[in-house]
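Sharing a structure below in C-alpha cells format, with a few things to ask.
Labels for the chains are A, B, C and D, by order of writing; each one numbers its residues from 1.
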Amino acid sequence: MQRIAVLTSGGDSPGMNAAVRAVVRKAIYHGLEVIGIKRGFSGFIEADMWPMDLSSVADIIHRGGTILRTARSEEFKTPEGRGKAFANVQRFGIQGLVVIGGDGSFRGADIFNTEYNLPVIGVPGTIDNDIIGTEYSIGFDTAINTVVDAINKIRDTATSHERTFILEVMGRESGYIALMAGLAGGAESILVPELRYGIDEVCEKLIHGYKRGKLHSIIIIAEGAGSGLDVGKQISEKIGLETKVTILGHLQRGGTPTAFDRILASRMGAKAVEILVEGYRKHMVGMIADKIVASPLDASFKGKKAIDLDIYNLANILSI
Amino acid sequence: MQRIAVLTSGGDSPGMNAAVRAVVRKAIYHGLEVIGIKRGFSGFIEADMWPMDLSSVADIIHRGGTILRTARSEEFKTPEGRGKAFANVQRFGIQGLVVIGGDGSFRGADIFNTEYNLPVIGVPGTIDNDIIGTEYSIGFDTAINTVVDAINKIRDTATSHERTFILEVMGRESGYIALMAGLAGGAESILVPELRYGIDEVCEKLIHGYKRGKLHSIIIIAEGAGSGLDVGKQISEKIGLETKVTILGHLQRGGTPTAFDRILASRMGAKAVEILVEGYRKHMVGMIADKIVASPLDASFKGKKAIDLDIYNLANILSI
Amino acid sequence: MQRIAVLTSGGDSPGMNAAVRAVVRKAIYHGLEVIGIKRGFSGFIEADMWPMDLSSVADIIHRGGTILRTARSEEFKTPEGRGKAFANVQRFGIQGLVVIGGDGSFRGADIFNTEYNLPVIGVPGTIDNDIIGTEYSIGFDTAINTVVDAINKIRDTATSHERTFILEVMGRESGYIALMAGLAGGAESILVPELRYGIDEVCEKLIHGYKRGKLHSIIIIAEGAGSGLDVGKQISEKIGLETKVTILGHLQRGGTPTAFDRILASRMGAKAVEILVEGYRKHMVGMIADKIVASPLDASFKGKKAIDLDIYNLANILSI
Amino acid sequence: MQRIAVLTSGGDSPGMNAAVRAVVRKAIYHGLEVIGIKRGFSGFIEADMWPMDLSSVADIIHRGGTILRTARSEEFKTPEGRGKAFANVQRFGIQGLVVIGGDGSFRGADIFNTEYNLPVIGVPGTIDNDIIGTEYSIGFDTAINTVVDAINKIRDTATSHERTFILEVMGRESGYIALMAGLAGGAESILVPELRYGIDEVCEKLIHGYKRGKLHSIIIIAEGAGSGLDVGKQISEKIGLETKVTILGHLQRGGTPTAFDRILASRMGAKAVEILVEGYRKHMVGMIADKIVASPLDASFKGKKAIDLDIYNLANILSI
C-alpha cells in the first residue's frame, strides 16, 4: 500500500479535524501518501482532492468543523455516481479509503467496497453517538458539554425567576444527547423519541414539583420527540404555566472539541491507518473498554444503539 | 443614615450578584446595616426581607442570576401596593433603597420616592443596555459574549457545510445585543427592531454573497425584529435556500458574569452606597468615560438609547 | 440498612459534588437516611456531620470542589483516631459508608472495615486517574480539559511569536494528565515521571523541529518529572533558546465539572448506594466498558495504573 | 492615498486579528490597496510583506494571536534599519502605515514618521492596558477574563481545602491586570509594582482573616511586584502557612478574544483607516467615553497610565 485517501461525510462533528490529522500523520509515519477528498462523497465523485502533507494538518486539532468539509451526496447512492468515484480511485492510484462519518456514510463505503473492492475503514464521527460498535463516536462528548453549558446558563435565570424552561436539542431518531445532557445538567424532565410520553404526565410532574416547593423546572426535549415550542404551548394551555423555550439547533455541531473527543479522534484515526496497512478491508474502528478495536463495517448500520433505560431511570431518580 | 435596603428587580442579568455584594460590603464598611429584599418590589410589599452581613454575600461574585431573586410586581404599580411597601419601610427602619434593575424598575422607584420621600438609588442591571445615563448596564457584556460564543459554534458547522444559519437573540424593543454581537461575531446580516428591513433585501445579500463565493452566511435577528423561524421560512420560499435556526432564549440571561460585568457591578454597587450616604435622593449611577457618575433617576426612563448607526454601518462594511 | 454516611477525602476533584448528590438522592430513593461528614476522615473523627436531605444537594451538580470539604487526616492513620471515628459510627447509627476519594482514602476505609466491620464503598475521585479498577476516576476529564485549554491559549501566542513554551502540570507519581492532555493539545514533547528522559534529547527534538521550519514548540511536563522552571533554564543554557514557563498548579483541581465527569459521578454515586444496599462490604465502584461495576477495594491500592506506552508513542508520532 | 500597509508589533494580544481584519476591509471599502507586513518592524525591514484582499482576513475575527505574527526588532531602533524599511516603503508604494501594538511600537512609528514623513497611525494592542490616550487597549479584556477564570477554578479547590493560594500574573511595570482581575475575582490581597507592600502586612491580613473564620485566601501578584514562589516561601517561613502557587505566564496572551475586544478592535482598526484617509499623519486611535477618537501619537509614550487608587481601595473593601 502506497497511497490512501481520507474524507469526512454526513453531518460534521467536533473532533473530525483531529481525526483527519491523525490519519494523515500516522499514514505519513508509515511511509504512505495521503490524498484529502473535499466535501465527502461529492468530492470523491468530482475529483475534488489534493495531496496532504504533515503541514496540511498543522494547527487544526483544536478546530471545530472539518477542513475537508462535508456534504451529503445523492449521486453516490447511484451506481453511476460510484462509477465516477472509482474512476478517480484509478486515476489517483488510491489503495485505501478512510471515511469519517456516521452510519449512512459507512453504508455508502460498504457498497463501494463490495462493488470495487477498495479497502475502506470507517471512523465513527457523529454527535448522536448512535453507532453500534463503539461506546463513543467523535463529537458526542463536545455536543453534550455544549448542551450542559446551556442548561447551566438557563438554570441561573430559572433560579432567579421561578419559571419553567424548555430546551430543544438535536436527535431526530436518537434521544442520547437529550438523555446524557439531561442527566449531567440535572434536567427535571427528559423527553426522547425512543420513549413515549404524555403531555399530561409532564404537566403532573411540574405541578407535583411546584407543590413540593420546586420553584423552577427545566425540560429537555430531543427534536425527534416533538417541538419545544409545541410542548411549551401545550403546558401553557393545560396548566397555565408560562414556559420559555430555547432551541439550540446547529450550534451543537460546533465548538472547540473537548479533550475526550480529540483523544478519541486521534486514537481512532491512527488505528484506521494501522488496520488498513495490516490488510483489513471493510471495517470500522470503535472504542470498547478504553481500547480502539476493529469490527466489521456492516454491523454498524444494521441497527442503532438502543437508549439505556437504566440511565434514563437514574436521571429521573436524581432530579427529584 | 443607619439602615438601607437592596433589591433586584425586573429581568435578571449576570453581575447582579456582584452588585448586591458591593452594596452590602460597602454599606457595612460605612457602618450601615443592610436589609436584603427578596423578589423585587413583590418582596418589598410582602416584607420578604432579612438582614444581610458580610458572609451573606460570600462566594457569589461569580454566580449568574441573583441571590435576592427577582420578579415583576403588578401590585407595586398601584398606590395600595406602594402603601404596603412603605409600611415595611417604617416597620424595618429603612432609610434608603438601592434598586438594581432596568428602567421599568427605576420608574417604580421614582414614583415611590415622590410619594414617600425615601431616598432611592438605581443601579442599571439589564442585558439590553438600553438605559440612558450609562454607557454599559450590568449583564450586557456577559450576554453578548454568550451570543458571540453561539456564533462561533455555528460558524464551525457553517463553514463545513455551506449553509445559511439564523440566530434569534433577545431584544424586544432594542437591537443592541444583536448589533454588538453581530459585529463581534462577524454576522453577515443583522436585523434589529429599530431599522426596517425587507426580506428581499436580506435575500439579495445572500445571493450576492453566494455569487461572490461566500459559502455560508449567518443572519442574526433580535426577537423584536421578527421570528427567526419565520425569516427562515421566507428565505426558503423566496430563493430556495435551506436555513437552520437557533433560538437562544433565556440562556442569554445566565452564565458566569464576565470580568467586565463584575467590575462594573462592583463599582456601581459601591457608588450607589456612597451617594446614598452623601445625601443623594433620587439618582442612578452610570458609567461614563470609565468613571462611575450619578445622574437624576428620571432621565433614565424618559427615553431609550437609540441604536448607533455608525456601528451598524461598520458591521455591514466589515462583514462583506 | 437504614442510615449511611458519605464523605469526600484527599485532594478534591471536580465532580465530587455530583457524586455526593447521587449518593444522597439514590439513598433517599431507597428509603435510607444519609449523614454528610465534613472534611473527610477528620470530620469522621470529630463528629463534624449532619443529616442531609434532597435539598442539601440541590444546585450543586455543576459546582467544582466539594460541599463536604476535604482534608488529609493523620489521626485516622492511628488506631486511636479510627477508634474515635467508630464511636461516632455507633453514636449516629451509621450502617454503611461511602468514601469519595483516591487510593489513600480507600486504604483508610479498608483498614477501618477490617477493624470495625462497617461496610465501606469507595468511589474513585481524583484528577490523577491512577486508580486500578476503573477506566476513569471523577475529575480527570475536567482536569485534562483545563490543561488542554491552557495549551490552546499558549499556542495562540506561540504561533505569533515563534518561541518555546513549557507547561508544568499536576502528577507527582503519575504522568497521565500530562500524557493525555499533551496528546489532546498536540504538545511537541511530553515529560512524565514514569519514563526517563534526558534534557539532551529534549533539546535535540527542539533543534530538529526548528531546522524543519517548526517555529514554536510546547513542552508539557508532569511535576513529578521535574520543575518546568529548571527544564527551561537547562534548555536556555544548552541551546540558547529562550523559554516561557507556565505552572498551572491547583487550578487544575477546580472548574465546573465536564458532562463526562458529572455523568460518571452520578452513575458511580448511585451504584455505590446500590451495592451497599445489596450487601457489598468492602468494594469500590469503577467504570469498565461504559458500565459501572464493583471490585474489591484492596485491589485499588495494591498498585498504580501504568502509563500506556502506545498512547505515549502515538502522541510522539502525531506531534511530528 | 492608494496603498497602505499594516503590521502588528511587540507582544501579541487577543483581538489583534480583529483589528487587522477591520483595517483591511475598511481600507478596501475606501478603494485602497492593503499590504500586510509580517513579524512587525522586522518584516518591514526585510520586505516580508504581501498584498491582502477581503478573503485574507476571512475567518480570523475569533482567533487569538495575530496572523501577521509579531516580533521585537532591535534593528528598527537603528537609523540603518529604518532606512531599509523606508526603501521598502518606496519599493512597494506604501503611503500610510497602521501599527497595531504597544507604546514601544508607537515610539518606533513616531521616529519613522519624523525621519521619512510616512503617515502612521497607532492602534493600541496590549494586554497591559497601560497606554495613555485610550480607556482600553485591545486584549486587556480577554486577558483579565483569563485571569478571573483561573481565580474561579482556584477558589473551588481553595474552598474545599482551606488553604492559601498565590496567583502570579503578567505586568512587569503595570499592576493593572492584577488589580482589575483581583477586583473581579474577589482576591483577598492584590500586590502590584506601583504600590509598595511589606510581606508582614500580607501575613497580618492572612492571620486576621483566619481569625475571623476565613478558611482560604487568594493572593494575586503582578510579576513586577515579585515572584509568586518567593512570596509563598516567605509566608511559609513567617507564619507557617502552606501556600500553593500558580504562574499563568504567557497563556494570558492567548485565547479567543472576548466580544469587547473584538468590537474595540473592529472599531479602532476601521477608525485608523478613516483618519489616515482624512490626512492624519502621526496619531493613535483610542476609546474615550465609548467613542473612538484620535490623539497625537507621542502623547501615548510620554507616560504610563497610573494605577487607579480608588479601584485598589475598593477591591480591598469588597474582599473583606
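Definition applied: a residue touches a chain if its C-beta (ideal position, glycine included) is under 8 Å from a C-beta of that chain, and two chains touch if they have at least 3 such contacts.
Please read these numbers as outputs of a predicted model, since none were measured by experiment.
Enquirer: Among the chains, which has its CA centre at the largest distance from subunit B's?
Expert: Computed centres place C farthest from subunit B.
Enquirer: Once you find the CA centre of subunit A and the CA centre of subunit D, what distance in Å lies between them?
Expert: 39
Enquirer: Just the number, please: Cα centre separation of subunit B and subunit D in whole Å.
Expert: 28
Enquirer: Two-or-more-chain contact residues of subunit D, please, as numbers and ranges.
Expert: In subunit D, 152, 155, 159 touch at least two other chains.
Enquirer: All pairs of touching chains, please: list them by chain label.
Expert: A-B, A-C, B-D, C-D
Enquirer: Any idea which subunit D residues touch subunit B in the complex?
Expert: Contact set of subunit D toward subunit B: 21-22, 25-26, 28-29, 54, 59, 61-62, 135, 141, 144-145, 147-148, 152, 155, 159, 180-181, 183-186, 256, 258-260, 262-263, 266-267, 270, 288-290, 311, 314, 317-318, 320.
Enquirer: Report the residues of subunit B in contact with subunit A in the complex, numbered from low to high.
Expert: 8, 11-12, 14, 16, 63-66, 69-71, 146, 150, 152-162, 165, 244-255
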